[in-house]
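Following this message is one structure expressed as structure tokens.
Letters A, B, C and D mark the chains in the order given here, with residues in each chain numbered from 1 onward.
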Amino acid sequence: MFEHIISSMIFLPIIAGLILLLTPVTKNGARAMALVVSVAVLILGLKLYTGFIGAGGMEFVENYVWFPSLGINYTLGVDGISLFILMAGTVLFPSIFLIFTTKSKGYYANLLIAQGAMAGAVCAGDLMLFYIFWEVMLLPIFFMIGLFGGEGKIAATLKITLYTIAGSLLMLAAIFYLGVAFHNQFGIWSFNIVNMAALKLHGTVAVLAFVGFMLAFAIKIPLFPFHTWLPDAYTEGPAAATFVLSAIMAKIGVYAVIRFVIPIFGAEFTRYALIMAYLGVIGMMYCGFAAIAQKDFKRMLAFSSASHMGIIALGLFCMNIQALTGSLFQIVAHATSTGALFLFAGILEERMQTRKIADLGGIAGRAPVFAMFFAIAMLASVGLPGTSGFIGEFLIILGAIKYNVAIGVLAGTSLIIGVCYMLWMFQRVFFEKSNERTEKFRDLSAAEVLAFLPILVLIIVMGIYPQPFIKKIEPAARIQINTILHNMQVADANALLQGTNLEK
Amino acid sequence: MFAEWLYFGLAALSVLGAIGLILFRHPMNGAMSFVVTLISLAGMYALLSAKLMFAVQLIVYAGAIMSLIVFIIMFLNIQESDLPEEKGRGLYLVGGVVVIAPIAMFLYKIVRTLPGGDTAIVGNGFGEVRNVGMILFKSWLLPFEIISVLLLVALIGAVVVAGKREVGK
Amino acid sequence: MEQTAHFYLGLIPLMPLIGAVLIGLMHVTTCRGHRFPDKLYAVLACIGPVLACIMAFQVFTILKTLPVEHRILVHKVFTWFSVGELNISMGFMADPLSSLMILFVTFIGSLIHIYSIGYMADDKTYAKFFGYMNLFLGSMLILVLGDGPVVMFVGWEGVGLCSYLLISYYNEDSSNVLAGNKAFIVNRIGDLGFVLGMAFLFWAIGAQGFDYISLKANAHLLPQATAMLVCLLLFVGATGKSAQIPLYVWLPDAMAGPTPVSALIHAATMVTAGVYMVARFSFLYVTVPDAGEIVAWIGILTALVSAIYGMFQDDIKKVLAYSTVSQLGYMFAGVGVAAYSAGIFHVFTHAFFKALLFLGAGSVIYAMHHEQNIWKMGGLKKKLPVTYLTMLVGALALSGCPPFSGFFSKDEILFSAFASGHKAIWAIGVLVAGMTAYYTFRMIFVVFHGEPHSKSSYDHAHEPPPVMTVPLVLLAIGALLAGFFNLPELFGGHQMVSSWLEPSVLDHHAHAEASTEWMVMGSSVLAFVIGFSIAYVKFAKGAQLPVFTGFAKFAYNKFYIDELYDMLFVQPYKSIGAIIWKDFDPNVTDGPRKAISWLYGAIGDAFRLVQTGYVRVYAIYMVIGLSLISLLISQTLN
Amino acid sequence: MIINYLTLSIILFCLGILGVISRRNVFTVFMSIELMLNAANLAFITFARLHVSMDGHVLAMLVIAVAAAEAALALAVVILLHKHKGVLDTNIFSLLKG
């Protein structure tokens, strides 16, 4: 089991989920099983984390030939980039099963499948394998929103599915193109990511393939202006689906940019990074502004999440180590803070049977523990020093300033924008006078406190002592940055060469 | 030479029969016309040394299937008023010919590329019951069995579909 | 000896923080069931600050034993985060500047905590209040002791958060919460300046180390333009935190919190952070005198504007709030003209008399059952003698009456401004001094002299318990004597504070003739006398609620600045949000998607026409297709 | 000549198509389909003769069997149709309308 630790982390939940779907288990049995499985995965994950060296390369590699004729392999591995996304999912999942006690069997089964598929997408070392997991992880979300969502669930399901499928089909085409290009250049078939980095791409087709990849990831992240599926899906989806989407799945989009786009499309990446960076920062401001106009707290959180994703995406495109490390750190930080916020929103919605901010108020007086927990997650989300949100945001702003002053200054405004809508929402939901609806609000139960405690502890620990995390992230980020810098030098040299040619 | 004449005679008959099938308004007339085609086709089979098929065509097709059809037509006692009004029939026919002509042309072009061969009667028991039977039950056993299942299914299906008594009340 | 000091350095901010966490945990775990007694919380809350205060004294004395050029202790607790050339340690530094700051921060903070035991006695969420207070003090100590700008920023944001929590403490009333939001958001605007300043500073000279010592050593490498930019951006941060133009609007609203909170914000923590920061970065500001000029002008204009506001307020706490803004303006004028030690000295004396005034006001409010309007008080002199006397000391110090502490510190700033050639700033400063005397004694006279305006509450008024009056007396002594620490040589003093701060701040020493010094001092005293006399004439014999007209009305409504900001920033922000959400997002951003789905629908509708439902028609389509294909392929055959 | 037989097969097949698409009487349509089957059979048998292999015969026989099965079912449907609607019009089947 331990030599196949990643495979176990992927397939244990998937198989458990399928078993749940196929057998007539009661909903409590399903929940218990899901909890046990996710805790087992957590134990595996902790073992993986402690065994991880962090030298920058892939570790815990598993490699088996799958389709020899096409060079498609079953390749898995983790490095500093994937480790934390994997761990974020692993740590956060058990709490869902602790918190949501009243759902049906399918709810838990789908969550388990999503967990496994996401682990697979993060650890895949082969483009085709990645693509398969990438698509599989959408399926449970599709069912969860469609089956357990709110009033507009069908429209939301269609929207998210069509958007993401459109993106990923373009990516599939780009993957095929890469495979063929690889075969043409080296005479063998391979979809291995490490091999792909050796590929030399030129011309319009390369740009198209780059766009294919970027579009798929931009939709998943979501980068402005591809974010319009997000508010609907996050709002109408059940709490756990929203949690999975915002806390982990969106991060896989960011992860995929680092993992695939930077090594394979280095030249295109450096050429279009500025546009992407602007998209990121515009998305941050745009969604931040949209958030203040929301009357529905879940939709507001959705926009806030999209706004933060803009900042995280910005960090990718700044092409320096601070911003990239910040981005990767922020991935985890945002997973914990926004994940927790959506879980709180789920609890709020379940207990109050409303999503309208105007219907609430005075909850802090009824439920001080809930209010305090919410406040901690909220403060992490607005990037207060001492919480996890600050480190990443600070590093990204720092890196952005170096990359481009205008972008850096705009990115800095996230400090203000975030706090405006968050505080205003907090005021209307938790402060002011309570009404007959919120009078009845029940504070968190012991099990819920237990479920949230690890998340909150993580938020604080990552804010006060982030260095152990950064130490594992930085070497992997440095490799990517070196790739980028190398590409920039090559581009400069080419430009120089062309210049001298013109002079002659 | 005689075979040549015979072929043209039969071909003319079969085409006329087919045209009749398409043109006659009443299905009874069409069916009769169609029988002519079937019988002339049986002659064609004979000319092509397919002795067993000649017999089968006459007995099964012209005999059994067509009599079933004619029986049903008579059974339903079709009046002029039962027939659908087909006002644009001529137009459809002309249009159809226009549309189908390229298909025919295409097929004909393909056929023309085939090697010519003579159609003299082949002896040695070619196309006789014994030899066809040997092939049928040796190399075509599985399709044969499947066809038998198909016939069974069709039989049951026909009974179920046509045998609903309660409808029409 | 130094080892102990290092040990203390880490512990000083930790003490109140531990208290905060402990109280917080106790409060949260017991909030639904049986609560711990309030006394326990009170003791727990006061232990942290008092211990921190004792340790601060220790550090101060240890530092004093060291030779002047070695008076700097750095204790790096752990590497906070390190990415590439960016290395940030969670480190604490004690030098003359920060040791002086923590000394009075912890001292006054402790007194305010003790005072709160009495003031908050009948509060339902006693524990929560003290948890926040401890957190506040801890954040301030981190701010002061941090060994680099990033660690300072932790405290910087921390005090912002705590001010939010405490201002919106009575959170059932939405106006209080709005005031808290305003404080936090306005502070955040300043913080943006701070962060950007840090970023520019880092990319310019931060690679060799991003703490004050390395920065100071490398400051000469900084290009002039960058230095200017960094200084201005950092000053934006300072205007947010220290309530200067244009970000001063939050401070008066911050009066929504309990009075001890106001005292803590105004005296010991938070608002002085901006001045401290400018002094801390004096090594940058001296390289660009233009930046200092801007700081000084903004400071003195703030002083003037808020003094004007202060003359027309009718809420006792608002008068004090504007006086704080005004005094902060003085401090910035001081640091702006490169008289850093004078600025810090004013911070020091101001901490005493402003804490005193707020706590005194708290006593009055406590006695009057949470009545804050000065026109409903009056004649309280007899009922609250201790409060009256201590507040009088505070008022004299605030208005710069010799020999109270405020006189010396304010005079030093004015003198520095005059001597360094900023005559206009000096002139405004003297004018503001007169106005300060006027509105301070207007408040004192209306509240304590004359006839009671509200008989019933006057009858119920009584002197608060000793737990509240003892801190008042201690602070009054401080307010009286603090000025002597920096007695100018003119009076035979040795300028102890200035020489103590010498190694930390790069003072610009302006020298002038003794006669000039006498002239400057004389004009300040004259301004005080004039302001006091006008107040005496108008209010000492009792006065009624005035009706404001013309300019007075304009000033009473604070020049409508809040309304202006609301119109310029808040409403556009909300409407942009609404436009994006209601119009732009569904129509423009989502437009392509909608267009595509419409296209699909249209194509589908078009194809519906073809679907007649007649089998024969489908067969015809099939044949037509077959025919077309045949035609195509026929072309290739001969 | 082999080619003549195949040409006849083409002609009959095309007439069959013509019958299917231009007529609305169920019987005629049905018999037109039979006609197409027969055209195919003729082609099978011609090819069998061409290659002197009897597999074509077997196939033709199987086609006849299928035709028989089809006849049985189709006539059952026709009877039902006549019983229900009293018409023999193929346009009665229009459930596929979009």
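Side notes on the structure shown:
Simple rule for what comes next: a contact is a pair of C-beta atoms (placed from the backbone, for glycine too) under 8 Å apart; a residue touches a chain by one contact, two chains touch by 3 or more.
Given the structure is predicted, the values throughout are model-derived calculations rather than measurements.
The interface with the largest number of contacting C-beta pairs joins chains B-D. Centre-to-centre, using mean CA coordinates, chain C is 94 Å away from chain D. If each chain is reduced to the centroid of its CA atoms, chain A and chain B end up 66 Å from each other.
The distance from the centre of chain A to the centre of chain D, with each centre set as the mean of the Cα atoms, comes to 61 Å. The geometric centre of chain B is 100 Å away from that of chain C, both derived from CA atoms.
In chain C, the residues touching two or more other chains are 620, 623.
Along chain A, no residue makes contact with two or more other chains. The set of chain B residues that touch two or more partner chains comprises 96, 99-100, 103, 107. If you check each pair of chains against the touch rule, the ones that pass are A-C, B-C, B-D, C-D. Residue ranges on chain B touching chain C, taken from their complex, read 96, 99-103, 105-107, 109-110, 113.
Contact residues on chain B toward chain D in their complex (touch as defined above): 7, 11, 14-15, 18-19, 21-22, 24-25, 27, 30-31, 34, 37-38, 41, 44-45, 48-50, 52-53, 56-57, 60-61, 64-65, 68-69, 72-73, 75-76, 78, 82-84, 86, 89, 92-93, 95-97, 99-100, 103-104, 107-108, 111-112, 114-119, 122, 126-127, 131-132, 135-136, 139-140, 143-144, 147, 150-151, 153-155, 157-159, 161-162, 164, 167-168.
Residues 24, 27-28, 31-32, 78-84, 86, 90, 128, 150, 153-154, 156-158, 161, 164, 168, 171-174, 177-178, 180-181, 184-185, 188-189, 191-192, 195-196, 198-200, 202-203, 573-574, 576-578, 580-582, 585, 589-590, 593 of chain C are the ones that touch chain A when the two sit in their complex. The touching residues of chain C, when paired with chain D in their complex, are 607-608, 610-616, 618-620, 623.
The touching residues of chain C, when paired with chain B in their complex, are 620, 623-624, 626-628, 630-631, 633-634, 637-638.
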